Each structure stands twice: as C-alpha cells, then as structure tokens.
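Supplied in structure tokens, the structure appears directly below.
Going by the order they are written in, the chains are A, B and C; count residues from 1 in each one.
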Amino acid sequence: MSERGAAGPGPAAIQVSRIMRPDDANIAGNVHGGTVLKMIEEAGAIISTRHCNSQAGEPCVAALARVERTDFLSPMCIGEVANVSAEITYTSKHSVEVQVNVLSENILTGAKKVTNKATLWYVPLSLKNVNKVVEVPPIQYARKEQEDEGRKRYEEQKLDRLETKQRNGDVIFPVINPDRQTKEPHTVGYSQSSLIHLVGPSDCTLLGFVHGGVTMKLMDEVAGIVAARHCKTNIVTASVDAINFHEKIKKGSVITISGRMTFTSNKSMEIEVFVDADPFVDEPQERYRAVSAFFTYVSLSKEGRPLPVPQLLTETEEEKRRFEEGKGRYLQTKAKRQAQMQRAAQQ
Amino acid sequence: MSERGAAGPGPAAIQVSRIMRPDDANIAGNVHGGTVLKMIEEAGAIISTRHCNSQAGEPCVAALARVERTDFLSPMCIGEVANVSAEITYTSKHSVEVQVNVLSENILTGAKKVTNKATLWYVPLSLKNVNKVVEVPPIQYARKEQEDEGRKRYEEQKLDRLETKQRNGDVIFPVINPDRQTKEPHTVGYSQSSLIHLVGPSDCTLLGFVHGGVTMKLMDEVAGIVAARHCKTNIVTASVDAINFHEKIKKGSVITISGRMTFTSNKSMEIEVFVDADPFVDEPQERYRAVSAFFTYVSLSKEGRPLPVPQLLTETEEEKRRFEEGKGRYLQTKAKRQAQMQRAAQQ
Amino acid sequence: MSERGAAGPGPAAIQVSRIMRPDDANIAGNVHGGTVLKMIEEAGAIISTRHCNSQAGEPCVAALARVERTDFLSPMCIGEVANVSAEITYTSKHSVEVQVNVLSENILTGAKKVTNKATLWYVPLSLKNVNKVVEVPPIQYARKEQEDEGRKRYEEQKLDRLETKQRNGDVIFPVINPDRQTKEPHTVGYSQSSLIHLVGPSDCTLLGFVHGGVTMKLMDEVAGIVAARHCKTNIVTASVDAINFHEKIKKGSVITISGRMTFTSNKSMEIEVFVDADPFVDEPQERYRAVSAFFTYVSLSKEGRPLPVPQLLTETEEEKRRFEEGKGRYLQTKAKRQAQMQRAAQQ
C-alpha cells in the first residue's frame, strides 16, 4: 500500500478498484452515479476512520457529515474498472476533509478518463458513545497556504450545513406516489417516485448506522427513476449538489427515499430527493427527515450525446416557486463554471 | 408515502418501487417470479411490523405465516420499474392480513401492467422472546362488511394452515439431484433439481430468522430450473399456490430447496417445491421440512406467446398418483376461473 | 493510482481495499477465507486483463487458470479493512503470473497483519473467440534472475496442471447430501455437504463465464460447512492447496459444489471440494467436473487459539485410502515448512 501522500504518515492515500458489473449499471450499460458515490464514500470512510484512530485516544468511527457538489464528467460502462483514490486534505478539531478522485479505465483499450472529483467531510464518533464527537489528530501540511485554504473551505461548508439543518428540519412533506395514469405527462406528479428500504446489517458501519454511501446510492436510484419517467430515454447522473447528513439512520430502520422533479433546463433535469427514516420497532422516536439533496440528470442519445429534455409542467404555486429556485441554482452553477473556464483560459 | 388507506391511522399503505436489474431476471430478460415474491414480502413485512408496533406494547417483528395463491398476470422485463403497494386489510388478535399489488411500468413507453395481486398473513413475534406472539392493534374499517369478509378469509386460511401443517410434517423425502445422463428426458427424475444455500445475515430479519421472501425467491429459482430442464425453452412463473410457513429457519442454517415436476397440462407445468433446513452446528435439532408449495410455469415463445409443453412421463405409482392430484388442482383452478369470468360477464 | 512496480509500463501494481461486512464473515465474526480468495482473484483479473491488452492486438479477457497453494496466516474480522495489492511477476507466451498480498488492517487500532500471499496464473482469451488464447506482451525484469526464477515456477505449475487434468477428468463421483440423523458423528458421511448455485450475470466476466473468485468463494463456503459439521465449533480456513481451473463454467449453468472430509491431524481438517457444472437448458453438453481442490481448516477457541479436532472415522476402503493420501500431503507440507524455518534460522 502506498505510504506517501501530501500529509504525513497518518493520512496516507488509499485506493479502491473494482470491475463494474451488470447490476452496477442501467440497461444501456452506463454505471449508475449511485454506484460511484457508494465507492467514493467507502474510500472516504476507510481513510478518515484510519486517520482519526492514528493516535492513542478514544476508538472512533468516521461518519459522513457532508459531500460537496460533485460533477460526473464522463459515464462509466460495464466491464470497465473504477479506480477510486482518496486522501485527507484538511482536518479541523472535529472533522476531516477527504478528497476523492475516480478514474474509469477500459482495461481492454487502456483508455482512462476522470469520472469524478469529490470532497467529503467526516466526523469521528466514539465507538463507546455514539453521541460523542472525538478530537481529530491534526495533519501536517506541505505548505502553509494549504492549511489556510482548507480552513476557508471548512468555514464555508460549516455555514452551509447550519443553514440546511434549519431548512431540512422544518416540515416533512411526503411525496405521494401518484396514480400516474391520471396525471398529465411532464407534470411533477407524473414522474415523482419513492423507494422503501429496510436497513440490513451490510448497510451499516461498526456503530450500527447506515453508511452514507448506501444512502446516496438509493437517492441516485430514485432520482434516476424520476428522470427516466419524465423523459423516457437513457438518462445518466450529471451532478449532485452538496449533501448534508444531519441525522443518523439506525440498523433496522425503514427508510423512504422520495424524489420529485423541480426544474428543467434545455438539456438537464433537477430532481430533489428526500430520505425519511422510521426508527424500527423498539424506538420511541418518530419519523424524521434524515437527508435531502438535488441531483441533476441528462438524457443521452444512443451515441452518448446529450438530448433536449421535455420541459417540466408546473401546476401549483409551490411547484412554480421550486422551479424558480432550481433555475437560480442552475444559473449560479453555469456562471461559476464560466468564470472558472475564463480563469483557466487566462492562465 | 400515502397516508390514506381504508384503515385508520396505523396501517397506512406503503409503496415500493425498484428498477429491475440483470440479476433479477433470467437469460431471456424476464424477471423471475421469485424477485417479485421477495419484493411483495418485503413490503408486507414493513407495513405489518410498523402496524404491530404502532401502539405502546412489546416491540415485535412481523413474521410471514402464509401467502395466498397468486397469479403472475404478465411478465416483467429488465429495465422496467416494479411498483409494489401494500396495505393492511384485516387484523385478528394475533395476525395481520396484507394486500399487495404489483404494477410493472415501462418507464420509456409509460406502459403499465398489473403483474400480481397477493394476500399475505403475518404474525408478530416478540423481539425479546421469539416464541411469544404479541397482540395486534385492531384496524378501523370503513364499512362493517369489510370486517366480516376479513374474518371469513381469516377463518378459511386458518383451516388450511392447520391441514398443511399435518401434511407437511409427516415425512421428509429428499429429492436427490439425479445423474441426468442416465435418465430419459421428460421423466420426473430427469428434471428434478435442488439448490442448497447457506443462510447469511442479509437473508434474515432483526430476529435472526430467514425472511419469507428470501425463501420464496429460492423456491421459484429451483422451480424455474426444473421447468427449463423439462422443456428447454424460455419459461416464466404463471402462479404459486398458497404457501404456509410453519417452521422458522435460523441464521447459519443450510437449506436445501428441491423441486420435482408433478403434472403437465397442454401449456403448463406444475412443480412441487420443498424447503428442508439443517440447523447449523451447535443446534441439537434435526433436519426438518420448513415449507412446501406448488409452482406453475408456462413456456414462452420469443414473441412471448405460450407454447405447448412436452408431457411429463410418470414411471412409478407415486408419480402417477401425484400427477392425478396435480390434474385435480389444475381442473379446480380452471373451473374457479371460468366461474369468475362468467360472474364478471353477467355484471 | 500507483504507477511504480518492478515491471515496466504495462503491469503497474493495483490496490483494492474494502471494509469487511457481516455478509463477508461467519457468525463468530471471522471473515470467510472465500471472501479473501474472491478479492484476490478480482485484483488478479484486473491487472492481468489490463496487461494483456496493453499492446495493440486482439482484445482479450484474462481467465484464471491456477492458484498456487496459499496459507491464511491470521484471521480477519468484520469492520477491518482488507488491503489487497497485486502485481505481475512473470509472463510466458500465453500466461501471466500475478503475485497478490493481503493485509488486514484494524483501522481503530492501526494494527496490520499479513493475511495471505497468493500466486495466480491467468490465460488471456480472445473477446471474439473464447476458445482462442492470445499472446501475452512480455514484461521487463529488473534482474535477469527474476526471469529465470519465473520460468522455473512456470514450468512447475504447467506440469502440475497437466497431472491434475488427467486426475480430474476420469471419474465424477457426486457427493450426495446424506441423511445426517442416520450417520454416526465424525464419519465422512456425517459431515459431507453440498451447495447448489445457479450462475447469474453478476457472477460472470465480460465473456460470460464464471469468475474464478466466485467459484473459490463457494468452494470455501462448502468446505466451511463440512468442517463446522464435523467439529461443531468456530472454524476458519487455514490453507488452500493449488487449484487448477480446467473447464470454464457458463452463465446460466447450475453448479454443485460438494465437500467431504479426507483427513484430520490433531489440530486440522482437510476437506476435498468438487465443482460440477450442469450446462443449462439449450446445451447438448453433459455434466462435467470443472474444478477440485483441498482446503485445510482449523477449529478456534473463543480466544482465537487452535483447538484439538475430533478424529475422522473412516469406514470404507476408499475413505481409508484418501485418509492416507491426506496424511501424506500433511506431512509433506509440514516438512517443507520446517525446512523453510531452518533455512531462515541459518541466515
């Protein structure tokens, strides 16, 4: 195992590789974004748990707190190898930032493509007391600026987590699976969808809580159903907005993952996904909102080129408001990307 | 999730949707009946466990006791979405009746078909003492007749469970996997088959016993092997007779699922399936018959139309007797269906 | 991805890491040897397929031909991370030798242990014509002796493969699952066991044949059942003798994996495992022996120390002969290990 890495002995890099199988992909052979998100999260969980236990102290397990926005730059196919590498890039007193890169490799042709770059934040929870966050050993930075930039990223994500915590918490509006026959195509109600999953042993960490990656895989699955119902073509995940994991989900819970389309541009669809957990059996707690996020999908032709998508028909005031908000996020992302490209061109 | 439902606050309906994957289907792309049975049972287990824990009382897990006869009305394919909805339709003091409907949806064309309607009975077992059946909170009925009809269904299935318990228990005749080369094609011995499976953690409920749906999936798998060996074409599950789950199967057991053909009509094959469990290692208990059931299969042409099947060659007296019994079941079902159609035509 | 490695541009090393889950382990929490064998084989398949396609030529997929004897040096537990690294150490005209090392890492304590070292041989099969073996691009050796030693290993394994091909092919004696109640404990018949598995899409390579690792996992599973039935304690895989994969197994086949105990020393049990394949449905081919191998198991106390095992009761002449042969293998291995330790002590 490689013992190098930007940041001293503790947070050495880690690599995960796996051949993509038929069940990892859709009918067209494109690997689900959720499969990739799950591998990313597993690599992140390994490296941050390892780091947080690298000094004498309370044994702990790193729990996923947040994933920054990530773009799926190119689709992966069945038979290709996903190469996932992770390294720790910043530590605060109570959290770890992990940078993950995913390369798809066609082992027949040797062709390699960058599929994803993702940034994840983990928080170490005590193995003995799951409600206690333990201290993170600091990493060494090669240059002072690395630490400063990391601290800035840390402050920014902290703010965003606080905000969404309030937003997330307020109301729970269940997405009713409609009788699609009676709905007009391309309305919100026509494509909205739900999955229900009973949390089993292999879904969970040593602490008995669902791996963040398992949750993200299910979220991508429901978002994919919504997108396919809307445009009735081969669809792939284009990007996922930042996801905050505010509430843990325990083994034995039943989780409902619901998705509804919020916005369409010419060639993309934005889907909002909610995860609600029903604590199972011996828990007095009531159903709670565990996670929510926005997924963006595109529709692909048989040659793999983006197709125009049918425009979303909004009916209620709520739907119109959400559409406008989605448009805002879309324009903001577009502006950011253009600014980046200009900066890159100027260098 | 739908919060309505005929039956008051506790037993609200639930919906589960999932895209069908390659591992869910046979080589021809038709989804295994067993995949559908497993989804049906998972939805039933979630809704009945939730209901049985909806009032203060002993925490419990609902265990599958019985599935009523179910017909597979149309085949499902890889890439389609299976929409499974479940609701509680009757409660006795110690059992819950769940009605499940399955719709297959081609998300590309929007076409939808009813695939299955199934009725399941669950019994809540205490989380602390698996041998104790706890009390079921009563549901509210919209009309008095619903309760009366439910009670009638309850009494009928109770009788049938008692009967098969005696039948099931008497002898254990293992179906040995034959040396097919030496057998004549179309005999019982030629196609009879077994699967043997070690029960792992993901196969089990919180109580550490195999999910009824996992057992049914394996039963359908072996029945499908028997049918395919007999007629060497693409085969699909047409129906499953009522299945009673008398004996629980514990994690770590080795289960042998055996199937043999009992009867053929012009266009259908009936296969009897047995599940025998070997308690693992440190259990003093001996091998026991856990479940048995009859599956009916049809053979499909490439265009999806039913094909004639080769007639079963019976050799021993036993085989001839079972063939006649199968014929009896076949004629009875046929008569029932004709009566239903006549009633429907008269209305 | 690390691009170093002893051997030029093509055969760079590869690393695979994964957290061990409940489904990977037995009830006592010890990871199955078969889980490790499957990971080892996946790493080997990736690196050798990549290498064989590294030069312009016919696209091909590397198929496992042989695994050399491997010892399980220390058990792995749920929650630990398995770090698997593979590199190519020799190439002949038509085969690739891969060296794989497995480290178990407790990410809470940081403790690392070598779990396995394994050597695998792969043969590249044409993607267009699965019966054609394509040529392997040669690797560069840092020192001339590396090539000479590799050629020696190549010749040795080739001889052994030829030998077992003849042995394997001659007779097929299916191991019938006995009625355990009527057998005396500790006899061969009492513990012998089978698993029967229908080969699904996720079990297979791009060529539609079962991954060698999938087969090995099932072989270890049945050997573990035999060992546990014999000694009724917590058992773990201690070693696996060289395994030769003479016959491919196609998607849709039904495979029977049978195990019977052949020998016991004071603290170990040797189990012979057979894999027989039934080509499914539309194949004219008959049932054939695909693989066979010897697994050695030890029984562990709750503290993880080896326990004495009950001696095997041999009844027939055949069983006595196999016991003596097993004893021969045992003494030979023991002598080899002592010679190695002496050499090590003298250095």
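Here is the rule we use: a residue touches a chain if its C-beta (ideal position, glycine included) is under 8 Å from a C-beta of that chain, and two chains touch if they have at least 3 such contacts.
Chains and their UniProt names: A, B, C = Cytosolic acyl coenzyme A thioester hydrolase isoform X1.
Since we're looking at a predicted model, the values are computed, not measured.
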Practice prompt. For the Cα fit of chain A against chain B, please give the angle of the superposing rotation, nearest 5 degrees.
Written response: 120
Worksheet, complete the sentence: Residue numbers at the chain B-chain C contact, same meaning over half shared and different meaning under half, come out as same
Fill in: chain B-chain C separation of Cα centroids, rounded to whole Å
37
Discussion item. Can you list every residue of chain C that touches 2 or more other chains, as numbers and ranges?
Written reply: 22-23, 201-202
Worksheet item: Which chain B residues qualify as touching chain C in the complex?
Response: 22-23, 27, 174, 176-177, 179-181, 193-198, 200-202, 221, 225, 228-229, 232-233, 251-252, 254, 256, 278, 280-282, 286-287
Worksheet entry | Complex contact set, residues of chain C against chain A | 1-2, 14-19, 21-23, 42-43, 45-46, 49-50, 53-54, 59-61, 78-79, 81, 83, 85, 103, 105, 107-110, 127, 201-202, 206
